[in-house]
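Chains here go by letter, A, B, C, D, E and F, matching the order in which they are written, and residues are numbered from 1 within each.
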Amino acid sequence: LAARENRKTVAQYDLIRSIEKVMLGPERKTHVLNKKEKEITAYHEAGHALVASVLPHTDPVHKISIISRGRAAGYTLKLPFEDKRMQSKKEFLDDIAMSLGGYIAEKTVFGDITTGPSNDLQVLTNLARNMVTRWGMSEKMGTIALEGEGGRALFGAGVEGAQYSQKVSADIDAEVKKIIDEAYEKAQNIITEHRKVLNAIANRLIEVETLERPEFEQLLIVHGIQPKRKEEVEVAPVTVNF
Amino acid sequence: LAARENRKTVAQYDLIRSIEKVMLGPERKTHVLNKKEKEITAYHEAGHALVASVLPHTDPVHKISIISRGRAAGYTLKLPFEDKRMQSKKEFLDDIAMSLGGYIAEKTVFGDITTGPSNDLQVLTNLARNMVTRWGMSEKMGTIALEGEGGRALFGAGVEGAQYSQKVSADIDAEVKKIIDEAYEKAQNIITEHRKVLNAIANRLIEVETLERPEFEQLLIVHGIQPKRKEEVEVAPVTVNF
Amino acid sequence: LAARENRKTVAQYDLIRSIEKVMLGPERKTHVLNKKEKEITAYHEAGHALVASVLPHTDPVHKISIISRGRAAGYTLKLPFEDKRMQSKKEFLDDIAMSLGGYIAEKTVFGDITTGPSNDLQVLTNLARNMVTRWGMSEKMGTIALEGEGGRALFGAGVEGAQYSQKVSADIDAEVKKIIDEAYEKAQNIITEHRKVLNAIANRLIEVETLERPEFEQLLIVHGIQPKRKEEVEVAPVTVNF
Amino acid sequence: LAARENRKTVAQYDLIRSIEKVMLGPERKTHVLNKKEKEITAYHEAGHALVASVLPHTDPVHKISIISRGRAAGYTLKLPFEDKRMQSKKEFLDDIAMSLGGYIAEKTVFGDITTGPSNDLQVLTNLARNMVTRWGMSEKMGTIALEGEGGRALFGAGVEGAQYSQKVSADIDAEVKKIIDEAYEKAQNIITEHRKVLNAIANRLIEVETLERPEFEQLLIVHGIQPKRKEEVEVAPVTVNF
Amino acid sequence: LAARENRKTVAQYDLIRSIEKVMLGPERKTHVLNKKEKEITAYHEAGHALVASVLPHTDPVHKISIISRGRAAGYTLKLPFEDKRMQSKKEFLDDIAMSLGGYIAEKTVFGDITTGPSNDLQVLTNLARNMVTRWGMSEKMGTIALEGEGGRALFGAGVEGAQYSQKVSADIDAEVKKIIDEAYEKAQNIITEHRKVLNAIANRLIEVETLERPEFEQLLIVHGIQPKRKEEVEVAPVTVNF
Amino acid sequence: LAARENRKTVAQYDLIRSIEKVMLGPERKTHVLNKKEKEITAYHEAGHALVASVLPHTDPVHKISIISRGRAAGYTLKLPFEDKRMQSKKEFLDDIAMSLGGYIAEKTVFGDITTGPSNDLQVLTNLARNMVTRWGMSEKMGTIALEGEGGRALFGAGVEGAQYSQKVSADIDAEVKKIIDEAYEKAQNIITEHRKVLNAIANRLIEVETLERPEFEQLLIVHGIQPKRKEEVEVAPVTVNF
């Protein structure tokens, strides 16, 4: 059993390496951050990792790094416990909160915001919008699909003059904002409550630049946060946050 | 007569097999769902089948399956009693309710919603919109055709600046929402009232993965629901729900 | 004179046959309607024919049929008494009412509506819109031409951002709806008042599938409706309703 | 001098003939109007000619005809006294009233409107709109040019999202309508006041089909309307009304 | 020094001749205006020249002509005292007033407006709009650039659905109108106050068709208006008004 | 160490020369400004340089020039202390204020505005808009990304009729204006308070046409403004203002 566990771990290790290369590009050793930027990036990634570890419907964190890769200054990598084909509203809500973790950490620690979280904001806005317009996950909009596959308008596709009324348009915007604002509050509470763990993760990252799962989970345990076990979480596909 | 009945059944059996292949693609034995996903899919399909069986203007259910085919995790298949060239407002309203059956079952049983019903929502929104804008089936909009064949705007086609006024635009949106909300309530009531049948169908599906018409109707009868007979239903073309 | 009359009738007979072929396509003997659909179609066509016969500014009905041709389940054919180059507001208003006759007959008799009248709704909406936007036939909009030949915007043609104001846009929509609603009431009154003739025409159609002008006019006379004579009607081009 | 006058008249006669051919197309002897249509057309053209003769800023009428040419059922032809390179607001206002003369004559005499005036409405709407948006001839809009040469937007030409505000858009629409409504009242008053001349012109047209300037002016004089002389009118380019 | 002055004048004379040819096209001796049109054009150009001479931030008038050139019936030509690379808000405001001088002169003298000023209106509207949307010259809009080089939208360029809000759109329209209305009042006051000079310039133009700078300035001095000297005006590029 | 310092300075000197050539084009010795324009340009550049020197989050000024280069009449050049990969909200706010320095200097000193600052306005509006729509730097809009990379709409990209509601559209416009207005006030206060330094810089520029960093900082020190040292400022990429 231990051997099988071991093989699985080796396979997973290889998987993570190839994900890093394909999704993020090669390491950029020459492209070093200055001291201040390194600090910001460390807190940003620590924010993602901390929120992901406290919320119940996200996948466990496998690696955190502040070594630049491609356009990303740093990244946090999660892996599900087993293959998953479906995602649910509760999982999406926690994913949005986790994506906001980097932005909130920057703001809380430095009282300033960089352009670093701009990709996070794009991803989470898109997700919130799909929840409202495609997946029937907003109580107010109900079970209407406003957009079809690939972002095509479901109705009015060929009709030049057919567009949402101002009312529906404003309802969509308000629901998207509401979803994001609620996730923001959830993530902000976690970062405020666990500020010491955030500092610990960030400081360790500045020191060693990359944290693998075992050391990361040890940090959590030391500060009283129990790492995720298979029983506690629903599986999800591999995801990376910058 | 029995022989003729038999031949008819054989022909129908072949028809269903080819519909499954063409409309859904081949079975995907390697693409297995995890335990939780299997459970969600079983309740989703049971929701469709139950609502279709209780409403008066839908075709009878011939098969329910949670074996993945193409992009669908599962499907429910209905067949009309005889060839049909026309469909009516009452049939469309029941079809919309039946399409919502999967979404409502997921929400009622698990208190969460997946992206599984997204195709259902697209189909039923499109249907409700056509009722309002093309077929004169909304009292409020009256006998105005707002869209022509293939989604082309009936009027203003070539006129860049000619579009519906905000008022008409908002009226369309409100009527579409009203049709869907009323169908939702109808379907929710059926699922609440017949929760035990829903559980029975879903559990049997998890066990055997595919339910053919005879066994499905036996389950209905056991729980006091009389299956559809020719006298009770108006015929409709073959339809499949995911 | 009788010979000339005869020749004229023969010529007209040929004309009608070629109109049927060109405008509707060949008969589709294999594409039979089921019993319920045949009934709906018979009442639908009877609705067109009855309204056309009672209103003063429509052409006389020459033939009614429920034999499927092309995409049409049935059709009603009218012919003007002589060549016509112009059409007037009064003729358009009666044409719109006549087009609604099929829809209203379905709804009155069966309490349900099929997609059958969708082409009627497109034609009459387009007509009502042209009255308002191109022909100065709406008191409220006055003698402004909002659209030019072929649906092109008369003003603002080349001006990307130049479109009707919300007010004008809403006024057009309201005037179009008003024209159609008034025609609806006119047609509904005829069908309610002459329900017995409607039944007689529909039942005879179910029996014989096609009614030529002499037999149709006999049915009208029996129920106290005087068929149109040259003196009573202004001529119009040949028109067919599905 | 008389010889010179004569030569001028001959030249003018040739000019009118070529204008008719080029602007209207050849006579269509085979394309005859029925009796009712002939009557409507005669009153329509008489309406144009009468209003043009009473208003002070239009060119004198040279010919009226109800012989079909190209797409026109009839036409009224005016010629200026001398070459003109400029047109003024007062001339445009009278031209709009004159264009409405045909529509108003139809409505006043028959209590119904045909599609005959649709080209008149397009021309006069376009003219009224240019007065408001290009030539600074609306007090309310002031000396702003909203559109440039050839209908191109003057400002915002390349700017996708730059369009008139709802307020300006509604102001334009209201000013265009106001100009047309005032011209309508002016033309309606002329036709009501001079109804006997209208009848006389129309009846003579039905008899002879074409009225040349001398006979037309004789009809005016008989009914107490003084034909235009050079001193009384500002010259304008050749124009034809259908 | 006198010789140098002389050479400069000769060079300037040649410059003006080539500007006339390139910007306006050749003289059109055959394309004569009628008596009334000549009068209107003379007052139109006199209006431009008078307003330009009274306002402090415009360049001095060098030539006025009512000989047709290209599409222009007449023109007024100004030259700056020295080369200029920048223009200011005060200069633009006076240029707009000067452009309105032709329109106002026509309206004041004849109580009617021709299409002659249409090019003036386009130029001044465009200028006023640029002041508001590109150059930060409207107090209300502030230092926001709403449009970039060449009329391209500065923001939202690639964003289909991103356009100004109704509020900003209405603010722009209102500010453009305010600038033009204030310039109108300024120009109207000048023309009312100096009506005698306007008459003198126009009458002399009808007599001689072209006024060069020395004679024009003599006319100003006679009526108590001091011509511009280098000390009093900021230089600007060569401009022509039609 | 001094040698290394020296080498660094030489390298920086070359860098600045090539930036000037590539970003601005060659010097245009023949394209001289007139006296008034030289004065305006000197104050414009002095405005940029002064505001940049007083605000805490901008890079230090390395060179100011009023020798025309390409389309720019003059320019102010800043260099960061070390390489920078990230920019923050506080830096952007100070950059916007610094960009407004030229406009405010012109207005304060001459009571008039030229088209000179038009490029500044474009750059700063674009920056303010990105802060609101892409980088989550507006409290009111929150952490919603309204636009993606390269100005593409993040949501609604493929959806013809999907655009921001009027409310969101107006909120964006209001937030952009608020950011710019606050930066304006900040810059205006600096220019009012340090008017004597502004005059000193502008006058020296008129004399020598180009100020290098040492002389510029000497001017600041004389007037009691301490030049930036490494400890006080966060680094930023090289930027030029016209």
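Keep this in mind: a residue touches a chain if its C-beta (ideal position, glycine included) is under 8 Å from a C-beta of that chain, and two chains touch if they have at least 3 such contacts.
Worth saying up front: this structure is predicted, and the values here are computed from it rather than measured.
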Looking at the contacts, which chains touch chain C and chain D alike?
none
Distance from the mean Cα position of chain E to that of chain D, given in whole angstrom:
35
Just give me the whole-number Å value for how far the CA centre of chain C lies from that of chain E.
61
Among the residues of chain E, which ones contact at least 2 other chains?
146, 156-157, 159-160, 162-164, 166
If you start at chain C and step next to chain D, which chains follow, in turn, all the way round the ring?
C, D, E, F, A, B
Please name which positions on chain F make contact with chain E in the complex.
31, 33-34, 36-37, 40, 73, 100, 103, 110, 112-118, 121-122, 124-126, 129, 146-147, 150-153, 156-157, 159-160, 162-164, 166, 169-170, 172-173, 176-177, 180-181, 184
Which positions of chain C touch chain D when the two form their complex?
82-90, 134-137, 142-146, 148-149, 154-168, 234-235
